[in-house]
Amino acid sequence: MNSHSALGGLLRRPESGAFLGLIAVLAFFGIFGGLTFLQPAGMASWMNVAANLGVIAIPVGLLMIAGELDISVGAMVPFGAMTVAVVSGHYGLSIWLGIGVTLIFGVLVGLINGYMVVRTAVPSLIVTLGSLFAVQGVVLGLTVLITKSTSVALKVEGPAKAIFGDFVFGGQVQAMVLWWLVVTAAYIYFVHFSRFGNWIFAMGGDKVSARNAGIPTERMTIVLFVLSSTSAVFVGMCQAILYNSAQVAGGQSFIFNSIISVVVGGVLLTGGFGSIIGIFFGTITFAIVNQGIYYTNFDRNWSALIIGVLLLVAVLMNNTFRKMALSYAPKKGVK
Amino acid sequence: MKLVKTLLKATAVMALMATTASAATIAVIGGSNDDAFWNIIKKGIDDATPAVVANGGSVNYLRLVNYDNFAPDVVQLIQTAISMKVDGLVIPDWVPEAEDPAIKQAVEAGIKVILMNAGGADKARELGAINYVGSDEYVAGQAGGTYFGTHGQKNVLCVNTLPGTANIEARCKGVIDGITAAGGKGAQLPLPSTSFGDPTAVAEAIKAEMIKDDTIDGIITISAGDADSAAIAIEQAGKTGKAMLGTFDMNQAGLDRIKASTQLFAIDQQPYLQSYLAVSLLASAIDFGTSLPTFPVLTGPGIVDASNIDATLSGVAKGAR
Amino acid sequence: MGDTILSLNNISKSFGPIDVLHDINLEVRAGEVLCLLGDNGAGKSTVIRLLSGVHQPTSGRMVMDGKPVQFKNPREAADHGIATVHQFGGTFPLMSIGRSFFIGREPTRWFGPLKIYDRKKANEIAVKAVQNFGITRIDDGDRLVGGLSGGERQALAIARAVHFGARVLILDEPTAALGVKQATHVLCIVNEAKKRGLAVIFITHQVMHAMAVGDHFAVLIRGAVAADFRKGERTREQITDLMAGGETMATLEAEIDAHSTPASAQ
């Protein structure tokens, strides 16, 4: 292979659009945000936001690659926060018990979501819309019943705080960033290097053919839903430990933000195409756009507009690269 | 025959007099059962009711089941109160376009009306209500800004996670006007909806602003949950002890911070006082014809700080704060 | 005639109260192409689904290599060597050729303590298999399947089936969506598969294509075998007649004649 097609090969990967988008927004805010943005405190801002979002965005993205949607993550985040806060804050029980109960609830809701999607003909968007409202209702109802308020305080000390909800490395970067990097590496292995990853792409490309090829599509779908629910609950839990309280409302923004990160990262909304590294870059791109503006002198009222425009540009770039990958044909006579 | 007629007439007149004397049937309209705020309102109603009953009256708390069909449901409750032929109605004017016609109907039917919690003084006068009992967002904001000013802060940032909503905008405007009048300056930080409900996004944004502008020494948030994020942001920006934190509304974590002196204050609209005073004023007006020159009756802002934190905490435990 | 690999004996299939297939008898032999003809709704798809294990027959027997068999799911049929290639290739357009070829049976190698998908090996084998069938334009296993032409995708699917040891190859309308040149390519590949000793069942409603490769023909009309003959026993017109139900075509021709007779002759 000559160097020309090597570069071409790199450009045709799904991650390339997302990577270029990331460089572009980094440059944009580096210019307009100046030194404050490029210093550790500034970099830590978007890293922290990216980490919390990224842990949820990857399984949401995997589900999208496999042809499904999970919007119940928006309710699972406050569910996780409130569970650990009620168990370990309101009732004062051990934080490890609170963490355990929270994660178990995450797995349970994931199992319910997955089971309903594979057993009924109802599309996953509708199933998870139902669980979104159901979980929201449960969180509000139980919290008010138990604590008579909609906000619960939580004070955690010791190893649990250090592992889940504190800052590391000189105090600007959240522990969640480490969790995010480890989890991303694991996903990259499973999706791009192990056999199971191929199965996920097959399910999203053509579910019937995948099943006929012997892939256990139902089991894999349930596993993916468990991953997304548990990840969302985990993020909510860590945030409650870090910020010392949990609110009943909140978490809704994770639904759209994770879908944006995933789409900017090159995942096709219709499934069958995407990459974990792409989602990683997409999440960072979104986080930079989300936080970078505070380091600039732009009027804050325009934040939403700037976010929208930058993300649109990123998605258009991805589309172009994907078309290039699909229409690639080596010229005749050139070997 | 004449004697029987006289006796009957006398009984009727006595019955009429008796009914007129025990006339104070009051209806209070409020939010749903699982809404913590409206449960504090309930305690105010419950504590005022014995006096009303002692004078021969009754109080009925009509609550919305949920907020899914908000405006029509509220209007329906007002109609129910009118058809119950109550003497007095305590009603929040949440949705003026929908509620005003029904409230006017109640006033025309001879029902004494007090606007509570939502509506404001001008609206109360316009509709013919005898008073407005509640708080004023702008005034509450001013109190916050002034508090910062008298405490020595010079540059206050009002963090608005719900930009565009009228009453929240009024809060921040009040803060800025308050601190400006006290000789400092203030600004609003509007956060886009992509940050709503994500404590990390809120905290990092506040941190960024503080790093960018080193002179910010006061942060005020429009909700108690946001204050939890702001507290961490102040730490992360390295301004612990130099930048002070205040918030609208209270939650347990915030009260704990005030007790530990890591938060300066919280602004409470004191819902207990809203319902307690509204019911008492109304009953008194119906039974005894009193009229209060103080119009409106502002129950907030009540500033909770280190000086009254202990009493506040015990009030929270009793469900009154 | 080659050995009979698979036969359907008195097979009937009903879905609830609806009878779709009545008393089907078919024999599938190695090295031969059996063309299953019939108009839309005749029951061809149902026959394929029975053979590939998606459905089970309501009555009758399926016999493979002399032993009765029952396929409870597609995986069982595949394990017995029955491979089905569907109209649109059943391949995954957004996957690379290598990955798509090895779907469900990915080759792996060790990377330290981790077992990873052997991309190089998969691409090598996939490209070689397709080139063996005469498609020399494909040389890069990392290319996306969606970038291939319809005929190339069919070739990929057939090459995959052959590679994984299929003994019976069921092709469901492989040329229906293709132009003339590509269809010819696919027919060449079908011949190649036949030469390698596979039994091929070729479902189509295009008589020309069937006659080009078929050794044995069965015509399905409304769920029953209306005709069963070997190559050369019928002409093209006769086969087309049969497919359209024979009488219907004759009636239509008579009507057309009647309308085109000049008025003075009546």
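Letters A, B and C mark the chains as written, and numbering starts fresh at 1 in each.
Quick note on the criterion: contacts are C-beta pairs under 8 Å (C-beta built on N, C-alpha and C of every residue); 3 or more make two chains touch, one makes a residue touch a chain.
Just so you know, these numbers come straight off a predicted model, no measurement behind them.
Engineer: Name the graph shape formed by the protein chains and their touching pairs; answer line, ring, star, complete or other.
Structural biologist: Its topology is that of a line.
Engineer: Please identify the chain lying most centrally, where each chain is represented by the average of its Cα atoms.
Structural biologist: If one averages C-alpha positions chain by chain, the most central is A.
Engineer: Centre-to-centre on C-alpha atoms, which chain is most distant from chain B?
Structural biologist: C
Engineer: State, to the nearest whole Å, the distance from the C-alpha centre of chain A to the C-alpha centre of chain B.
Structural biologist: The separation of the two C-alpha centroids amounts to 38 Å.
Engineer: Taking each chain's centre as the mean of its CA atoms, how far is chain B from chain C in angstrom?
Structural biologist: 74
Engineer: With centres defined as the mean C-alpha position, give me the chain A-chain C separation in Å.
Structural biologist: Distance between chain centres, rounded to whole Å: 43 Å.
Engineer: Show me the residue ranges of chain B that touch chain A in the complex, using the header's touch definition.
Structural biologist: Per the stated touch rule, the residues are 34-36, 39, 163, 189-201, 203-205, 207-209, 211-212, 224-225, 228-229, 231-232, 236-237, 251-253, 256, 319.
Engineer: Of all residues in chain C, which touch chain A in the complex?
Structural biologist: Residues of chain C touching chain A: 52, 74-75, 78, 84, 86, 90-95, 99, 102-106, 108, 111, 114-117, 139-140, 142-144, 146-147.
Engineer: Residue numbers of chain A touching chain C in their complex, please.
Structural biologist: Per the touch definition, chain A meets chain C at residues 9, 189, 193-195, 197-199, 201-202, 205-206, 209-215, 268, 272-273, 325-330, 335.
Engineer: Along chain A, where are the residues that touch chain B in the complex?
Structural biologist: Within the complex, chain A touches chain B at residues 36, 41-42, 44-46, 48-49, 52-53, 77-78, 140-141, 144-145, 148-155, 167, 171-172, 174, 239, 242-245, 247, 249-254, 256-257, 290-291, 294-295, 300-301, 303-304, 307.
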